[in-house]
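When the chains are written out, they are named A, B and C in that same order, and each has its own residue count from 1.
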């Protein structure tokens, strides 16, 4: 099985440690992972801000880059949801939308390529639990952790308890429930810039809920949401660290996760 | 009074708006017949669900109905009662007020309450449906008085909404009643009692 | 649109929301109310084992009706007419208002009682009637609070959700006398006492007013039946006692058959007030019990919505307001910020489609969401609100600076080499990034720190170490 890492532009640029953690973790589980150098961005920012043409261009590029792999793993619920939910819509032409149900897209079309590639794209916890069939990944992380199930992981991908099942198997880790976990943190991509007052108010409530747990670490499957909550945690000197799910799952007793902290 | 052409304008806009759109089939996979577990306990379920709305409920045998109604009216202190045509006369003691000739709204406002039967009752939702038939009267009778006592017979109870819809005749004016008048307009908390009858008492005959 | 006079000229959503979010009383009221109803809805929905199937049927019945709207509207017209009612067609708000005003004038009356109705608010009927010398009395408790307080509705189901009991008591004490019977001297803020005051205030009005105006939750094409769901009994009063009843109903409220009600009478109450059933539902067909009945079928932009392949799903809406109650943005911004009688997530997709996006406010509405998806999950007719929001964002006009930024980002992302160069540039400049960013980006750093920019991107690390092997 040829497995590709879709790092996502945010992780690539701002959180390379998350990408290194995914590589460490997957190799530990006996899965060799490739990094297609031609990848860039899934196009989520463009599409969700109202620039579908640019988004469609990036979607085409994504499909070109990843079509040849058996599985594509993304350490981001949001970007995986973008591919799964929005690519079929971007590929749907007005004519195709009016076509009778049951008929697939014409072979060789962008819609056909999307239909072929999209089912192979997995968020990290989906890949671990559903494809590799593991929940104990051999991790050790002796800390008190709370988990925020980001909106696109929760309601877009329906990851359900996959991430927490993985965390529960981590030795030494104490998982504490987050009050109001299913509520949005207020990031919403460019929403944070377009509606800063509401975004900040939502984040303040999320941060309040995080601090009441007494956790040392706030974990999520999305660095963009963590960047938002973490930025507020740091500004408020709340004393809670943010960590991507992959970084916790990559950690071990021997600390040979040097690639993570790099 | 429609401006010439508005009807045709709207219809033609609709025509061009949906031109070429695919037909939509309707899948009805929801429950339409009684749940076998519940079918045996419809009376109890109805009583429980009506009571959830803070209505007063009595479940009685046929022979106890008259005494139960009399006791309820006495407790309420209701002596001037409206009865619709077709209500079993023994249900209301004394000399009830009839709607013949039709009572004015002000007259209805002056009585102590109204006693009726019903057309259908829905166990799952605790709902009573009146269809202005015998023993129920026109809609104002059960609206203006502040107290409504409704008698439900076991045979009138269905399990869920789909069966009730199937039993009812849409050409008749229907009133579906689920508990006393209520509002959730203040801080989204339910408070019983605004414009309709503030007290609903239901006698279910097994 | 002719109506919504009170909303005209409002600033864009972000400015309205920024003011609202600082109003701690409003925040408290909204949070308390929305969280109360969330729990109730979840319990009422969770009780039905076939909720998913009902939701699917509700969606499909609505889609089927919209696909065949012409046929069903004509059938509705025939059935109502056959049952002794009169049917009028209104292409826009102005026409609907004129039809209603003329009908009221023909009765010789100068006052009407009203059942809570979104459609008549949308067209600004009360204001239009006032210009014709006709006073419209709102009878729903929340609408009464709004009318007495010279206020605007802020929620579809509970228009006075932004008011708490203490504020309502003040409004009743100060304003009831101006509109009829005064509030009792010793009125407390106990919700029971407030409801009792409303009962006394409106009692005489109900018993004496001869014309009523309503909307409808559903119309049944096969039978010509109208359906109104309510709680207080004010609806029954208006529908039953007056000699003339005028119902103004959007053309999308149609259902094909009587049987279809079995789906919607389960979906709507549980989604809106979180009850198994609302206290009162009235159904009537044509002129009943000696009443004169007029039905005004309203377009007012609905056919434009219908023409949009993605946007038309908004017409499935049954106005339950479940999406408002679960929306984190609505909870903090309140309904007024949306500048429309349709606030919250459904308003954010309905208003720009009904009114267009020419104004700054209307163009900002598709952005009044984080796309968190809670609204879609709660919607009983499965309107994919995030999908429509994204679709509408693609149609509004964007600010020049944003267009340039997005184009630049697109240019970088189009070639991996460009992305790598941009990342290296960022890595080199990382120590010079200020804690507070300039321009539009300051919106971020006003309340949050920005993450440290790493010295090396993931792709450069991969190249340097051959994927971490070296």
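Couple of notes before you dig in:
Criterion: a contact is a pair of C-beta atoms (placed from the backbone, for glycine too) under 8 Å apart; a residue touches a chain by one contact, two chains touch by 3 or more.
Bear in mind that the values here come from a model prediction, so they are computed numbers and not experimental data.
The chain with its Cα centroid farthest from the Cα centroid of subunit A is B. Located most centrally within the structure is C, per distance between chain CA means and the overall CA mean.
The distance from the centre of subunit B to the centre of subunit C, each centre being the mean of the chain's C-alpha atoms, comes to 29 Å.
Rounded to a whole number, the gap between the C-alpha centres of subunit A and subunit C is 32 angstrom. Subunit A and subunit B have CA centres that are 52 Å apart. Multi-chain contact residues of subunit C (touching two or more other chains) are listed as 309. The residues of subunit A never reach two or more other chains; the list is empty. Each of residues 21-22 in subunit B touches at least two other chains. Those residues of subunit C that touch subunit A in the shared complex are 13-14, 17-18, 21-22, 309, 328-329, 332-333, 364, 366-374, 376-377, 387, 390, 393-396, 398, 402, 406-407, 409-410, 412-416, 419, 423, 426, 440-441, 443-444, 446-451, 453-454, 456-459, 461-463, 467-468. Of all residues in subunit B, only 1-3, 6-7, 9-11, 13-18, 21-32, 49, 52-53, 105-106, 109, 122, 124-127, 132, 138-140, 143-144, 161-162, 164-166, 170-191, 193-197 touch subunit C in the complex they form. Put simply, subunit A touches subunit C in their complex at residues 7, 9, 11-17, 19-20, 23-24, 33, 35, 37-41, 43, 45-52, 54, 57-58, 61, 86, 89, 94, 97, 151-152, 154-156, 182-184, 186-204, 227-228, 230-232, 234-235, 259, 262. Touching subunit B in their complex are the following residues of subunit C: 29, 32-34, 36-37, 49-50, 53-54, 56-57, 60-61, 63-64, 66-67, 69-70, 73-74, 83, 88-91, 95, 99, 102-103, 139-142, 145, 157-158, 160-161, 164-165, 168, 191-192, 194-196, 198-199, 202-203, 206-208, 220, 223, 225, 231-234, 236-237, 239-241, 251, 258-259, 261-263, 265-266, 273, 275-285, 288-289, 297, 299, 303-304, 306-307, 309, 312.
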